[in-house]
Structures are given as C-alpha cells and as structure tokens.
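Dropping the structures in below, format is structure tokens.
Next come two complexes, and both contain subunit A; in the first it sits with subunit B, in the second with subunit C.
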Partner chain A sequence: MFEAVAFYLFAFLTIAMFYIVVTTKQALYALTALAAGMIFISAFFFILGADFLGAIQIIVYTGAVMALYAFGMMFFDTTRDVKEKQGNKYIIVGLSTLAAVLIVLIVSVPMVSDNIVALYPVADDIGNVQSVGLVLFTKYLIPFEVAAIMLLVAMVAGIVLAGKKMDLSLTLMSGEEIEDMKKEKNKKVLS
Partner chain B sequence: MMEIGLNHYLVLSTILFAIGLVGVMKRKNLLLLFFATEILLNAVNIAFAAISHYYGDLTGQMFAFFVIAIAASEVAVGLGLLIVWFKRHGTIDLDLMTSMKG
Partner chain C sequence: MDSAYLIETIIKVVVILLVFSALAGIGTYFERKVLAFMQRRLGPMNVGPYGVLQFGADAIKLFTKEDIIPTGVVAPIFKIAPVITAATAFMAAAAIPFLPSFEIFGYEVHPIVSDINVGIIYILGVMAVGLYGPLLGGMASANKYSLISAARAAAVFISYEVVTGLAALAPIMMVGSLSLIDFNNYQAGGISNWIVWSQPVAFILFWIAAFAETGRTPFHLIANDHEIIDGFGTEYSGMRWGLFFIGEYANMFFISFVIPLLFLGGYGDGSFLGALGLLAKVAFFFFFFLWTRAAWPDVRPDQLMWLCWKVLMPIAVINVVITGFVMMF
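The block that comes next holds the complex of A and B.
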C-alpha cells in the first residue's frame, strides 16, 4: 500500500521535473529541476532496497555533478533565453518513443524468455551495503579499478582543458598587470 | 494496481528515457543537451535497480554504479571542452559548431 503510494508520487514528481528540464527556456530552471529530479530518483532506489545506490545517487549526482554544472554555468551566459531547434515535433516525439520502447524490449525480452539466472543472489542475513561490497570487490574488481583510472583521466582532462592561466592570481596582481593581461588575452582569443 | 511490479518500473524508465531523447533532439544549447543525457543515464539506472531487486541479483546494481562513474567523468571532460569552446567563440550553440564542415 505505502509502496504503491510512494511509487506513484515519486514517479509523478520525477516525470514532472524532467519534463521541466527539457522544455524550459531558462538554463537555471533546468539545472534546479534536474537536481530535484535526481533526488526523487534516489527515492526509487530506497524503495527497491538498494540503499547504497540511493546514497551514491544523492552524493554523486546532486552533490558533485550538479555542483559542477552550477560552477560551470558561471562561465556561460545563462541569462539569455535558450533558442530551440525548429523541427517537426511529431517526428521528434515519435522517434523518441520508438527508441525508448526498443530499449525496454532489449532489456525485457531475456526476462520474458526466462534466460536470466541470478548469479549473485542477495543474501538475507547481511545488509545491502555489505553484499554490494562483497560482489564489487570479488567479481567486479577489475571493472572497479578501470573505472577509477577513467575517473583519474577525466580529472586530468578537466584540469588541462578548463585550467588555463590558473597560475596567475587576479587578487595578487596590481591594476596595470591585469590591464596588460586583458590586452594580451584579447589578441590571443581572436587568433 | 496496488501491487508494484517490475513492469511499473520498466514503464517509468521508458517514459523518462523518452523525455530524455526528446530533450536530446530538441535542444540547441549544448549545456542543456548534457542535462538531457543525464536524464537518459538515470532512466537506465532505474531499470537496472528494479531488475536487480525483482530477480534477487546484485549485478544490476553493480552496473548502475559504473553508469554513475561514467556520468561523472563525462561531465568533467564535457564541461572542460565546453568552457574552452565558449572562451574562444562566445557561444555554445550547436548549429554554429561547423568548423569540421561535416
């Protein structure tokens, strides 16, 4: 009973938030609605008994990814209204629905034909976090390490791409130095 | 109706995935395109967690973790590229990125 109420409530909230993300003209509204939708999605994970996944969803998505987007938006002109593509709406909606139904078919056909065997059954006597740790550090240890290397590469790439001129400090420089740097920068940006 | 099964979660995942695809096809601003891809990844995560729960198998949750890791690194690299592009050209409009004349 309570599960059904929670499911329908959070399903409605999530769909509403994500609908706002794809339709609003203000980038800030989209960011806020996306953050709210991420938190509502973690509710599904808690309903499904995947406690650790729910906590990770809140920490990584809402805490790290959304904060990164929020800081990144300082670089962009977000006060302007977002322009949209002028295309045929029916084609867009039709194609999207078709692709989504195909994805669900890909996922659900093996289950309908009973080809799924539970390789790592959930143990009853230990909690979710413990069983996740047991599986993650035995069977999925190599993918885990590869994911760590991928995150390191992404961090280095982010620093290299966005961190140009980070060796200069605007707060410690005198006024003339900043003016000189602005002139220098304008020349370089235009080339 | 009152008993929530796997099909409920799969239908919800479909709806969210369709919303994300509409966003990918409709948006011209690259930042909002990234938002739409986050919606796609989250829709798949819900399906993974639901299958993991209803089949009593932890593999679905494992792949949801890896999807989250990929989303985080995608944001780091994508946002870095976006900042560089905006510094050079002053816009993140998708239609103006035609330097390769593809």
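The block that comes next holds the complex of A and C.
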C-alpha cells in the first residue's frame, strides 16, 4: 500500500512540477520546478529498489540544474517575467500533442506486444551498485566508453572556448595593466 | 511492513529532529563562547549563569519577530528557500548511524533511520541539495548582495562537490561498499584499522571540502558579513532566517558525524566505549569548525576556485589512481 501511495504522490508531484516548467513565464519558477521535478523522479528509483540510481539521479541533476541557474542568472533578471515570443499557437499545441502521443507509443508498444525480456536479470545475492557495474562493464561497455570519449571531447572543447587569458588574474593586476589589457582587447589571444 | 517498524521509524525521526534542532541552538552558544575565549572576550554572559540561556532567548526572539516578505521578491521561492536548507540537512541524517545498535527493554534499536546500501552517496547528494537554499534565497531576493551570494553558492557547489566525491571515492574503493555501517565494520578492529592511516590524503581533502559544503570560514564567502552584508540572508527576518541557521548548524553536526564514520573508525566495535568515542570525535570536529573560524581569515572567491580546481582536484584524482593501482597489484 505504501508503495502505491508513494507512487501516486510522486507521480502527481513530478507531473505538476514539469507542467510548471513548461507553462510559467518566470525563469526562476521554471528552474526551481525543473530541479524539484528531477529530484522527485529519484523517488521512483527508490520505490523500485534501485537505491544507487536514485541517489545518482539526485546528485547529477542537482549539479546540472545548478549550472542552468548560473546561466539564468547571467541572461535574465530572474525576479521578473520573461516576455516570450508566441508563434502560431496551433502549431505549438499540435506539435506538443504529437510528441506526447509518440512518447506514449514508443514506451507502451513493447509492453503491449510482450516484447520485453530481461536479458540480464538482477541477481539476488549482490548489491545494487554491483549489479549496475556488472551490466555496465559487460553488455553496455562500448556505449559506456563512447560516452566517456564524448565527455572528453566536450571537456576539451569547453576548455578551449573558455580558456582565453586563463593565466591572467584581474584581482592580482594593477590598474595600468588592466588598462593596457583593455587596449589590446581586440587582439586574438589563442591562435 | 509491520506496525512496530513504522512506530520505531517515526520515533527515531522525531528524536533526531528534536535533538539536532536543539543542538543547532546550543551550537550557536558554543560558537559564541569559543570564539569569545579565543579572542579574550567573555561572550554572552547576561542571560542565565554564564549566558547558558542565551540560545533560549535567541529562539524566542526569532520565533516572535515579524516575518517580513519584501515587495520586490519572488514570494513563493523566497518563502520556500529556508525550508530547503533545513529540510535537506535533516533528510541527509536519515542514512547516518548515530550510535551502535543497543537494546532497550529487550527491543533492539538501530539508531539509523534507514540503512540504505548507498548511504554515503545519498548523504552527500542530499547535503548538496541543501545549497539550493542559499541559491534560491539569493536569487529570489531582488537584492544585489543576495545575487552575488547566490552566484557564489552555485560556484562553490559545482566546484567542491567534485572534490568531496573524488576524496570519498578512494575509501569507498577500499571498503567496497557505500553503506556507512559497512564502513564502520571495516574499521571495527581498533585504531590500527582506521582508514585514515591508509588514506590520509583523502581524509584531508574530504575535511577541507566539508568546510566548503557547510559554508564555514575559511570558505564563508556565501554569506560573508563584512563584504556582502549577509548574502542570501540579507532580506530575511525572523524564523525564516532562523531556518537557514538551523540548517547550517545541523549540517555541521551531520558532516562531523560523517567524517569519523568514513575515516576514523566510527563507533568501533559497537560497545559503550565506542559510542562515547564517536561522540568525542564528533565534538572534536565540531569544535574544529569553530576553532578555524577564530583562527583563519576568509579566502577570496577566485582563491577558492584556484584551490579547488588547480590543487585539490588533481591531488584527489592522483589519490584515486594510486589507490586503484595499489589495490590491483
């Protein structure tokens, strides 16, 4: 019974949160609701007994949404409403309905046709972390490594983009040095 | 799920909530006294003998103060931000074994709310969510000092979460489990079995990162009184501000429990002496938080970032790699 109560409670909360994310005009509401929704999703992992994935969900998405907050802080006055450009409303409604129907179909078709087989069922005598590791380093080793390479590429790209003048520190420079630097602002540093 | 288990859990939750809310209040008294003695002052002296009732007076003041919501703020977020700090601090406590299990009237009590087998990750994750309190409070306040503090909260969070995780990873590799009870049992053999002897670097790194997680001096820049007023707390008054306070002090206590459990043997073999030992270690780590505040200056935000990314994180990565090699061969 507790599982059912918890499931319906968190299902309602998650959907309500993501509804706010989509409909609100306030950047701060949207971000906060996004963070809350992501954290509420972890409840489903805990209900299913996947403690490790639940905890990882909390850690990963708090960090990810925190980075979004940083962007929100830079781009918007987050205490005021954002004026959105509303295009054709019929296209928006039509596309979102289509997307929702498609997602439901993608998820439910294998279930309806009984086409889901657990190839690597969870062994009873090992813990949660071990069973994740077991699947990750046998069946899904190549996707895992590809994801690692992709993250490495993203990291190098990020460093190259943001790494201009990284050896300088504005706090440690004198006033004249900063003036000099402003004059040569247009020179390319990295090349 | 029988009703005895339910009742037991509810009692545990209530006891933890009451004990640590009260400890957070008494903690402020200790902090003021310790700081005062280190600075050759007397500290609070007027309310009760040696000022021991000061925290009661503070509590009455906080509870009865008018709760002001300024007009410019984003009210719902502004109201919920302090609750996040306080609530997540106590949620994290759900996976901490505070004492060894003991028997009372023939009924065995495990002083841990829920022994999930990923305790350490859960605790660190939920404590990290606690930094949403300062962030949201700062961003919703419509105040420039609060916004600076929110930006610093985001920066500190993103940086120091990395160090905490990597520092905890090396001992996790040695123990092979994420449950704090397994950590304790691994070190139950006595002082020579403590993980700190084999992982001194990870211990120091985790300890440093704990200061950043709880926002204490020398990493107090989220609410640095002398440069950005009170940061995220500038617009708050009354009990909402008090909730931030309770969250901060509860976090200090909980991280003081986690450090000994991870590195210093926890409650040992589970005897009465071991339990006392754990409490003594917690008291020492809590005292160290106060000691550092009296003895160290604050660092600048850019120094904090430099320390995290250029010093602590490389050391943590090297530590993990070396641990891996040692365990493999």
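In this text, the second predicted complex is superposed on the first by the 158 of 191 C-alpha atoms of A that agree within 3 Å, B and C clash if a C-alpha of one lies under 4 Å from a C-alpha of the other, contacts with A are read in each partner's own complex, and residues count from 1 in each chain.
The rule is simple: a contact is a pair of C-beta atoms (placed from the backbone, for glycine too) under 8 Å apart; a residue touches a chain by one contact, two chains touch by 3 or more.
Every value quoted in this text rests on a predicted model; they were computed, and no experiment measured them.
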Which of subunit B and subunit C A:I41 touches, first, second, both or neither: first
Contacts of A:L151 with subunit B and subunit C, given as first, second, both or neither: first
Partner chain in contact with A:F2 - subunit B first, subunit C second, else both or neither: second
Which of subunit B and subunit C A:L28 touches, first, second, both or neither: second
Subunit A residues touched - subunit C or subunit B, whichever exceeds: B
Touching partner for A:I56 - first (subunit B), second (subunit C), both, neither: both
Partner chain in contact with A:M73 - subunit B first, subunit C second, else both or neither: both
Common interface positions of subunit A, toward subunit B and toward subunit C: 52, 56, 69, 72-73, 78
Touch list for subunit A against partner subunit B, complex: 1, 3-4, 7, 11, 14-15, 18-19, 21-22, 27, 30-31, 34, 37-38, 41, 44-45, 48-50, 52-53, 56-57, 60-61, 64-65, 68-69, 72-73, 75-76, 78, 82-85, 87, 92-93, 95-97, 99-101, 103-104, 107-108, 111, 116, 118-122, 131-132, 135-136, 139-140, 143, 147, 150-151, 153-155, 157-162, 164, 189
Touch list for subunit B against partner subunit A, complex: 1-4, 6, 8-10, 12-23, 25-29, 31-32, 34-36, 38-39, 42, 44-47, 49-53, 55-59, 61-62, 64-66, 68-77, 79-84, 86-88, 92-93, 95
Residues of subunit C that touch subunit A when the two form their complex: 1, 72-74, 76-77, 116-118, 121-122, 124-126, 128-129, 131-132, 135-136, 139-140, 142, 147, 150-151, 154-155, 157-158, 161, 165, 177-178, 300, 302
Touching residues on subunit A, where the partner in the complex is subunit C: 2, 26, 28-29, 32, 35, 39, 51-52, 54-56, 58-59, 62-63, 66-67, 69-70, 72-73, 78-79, 127-129, 169, 171
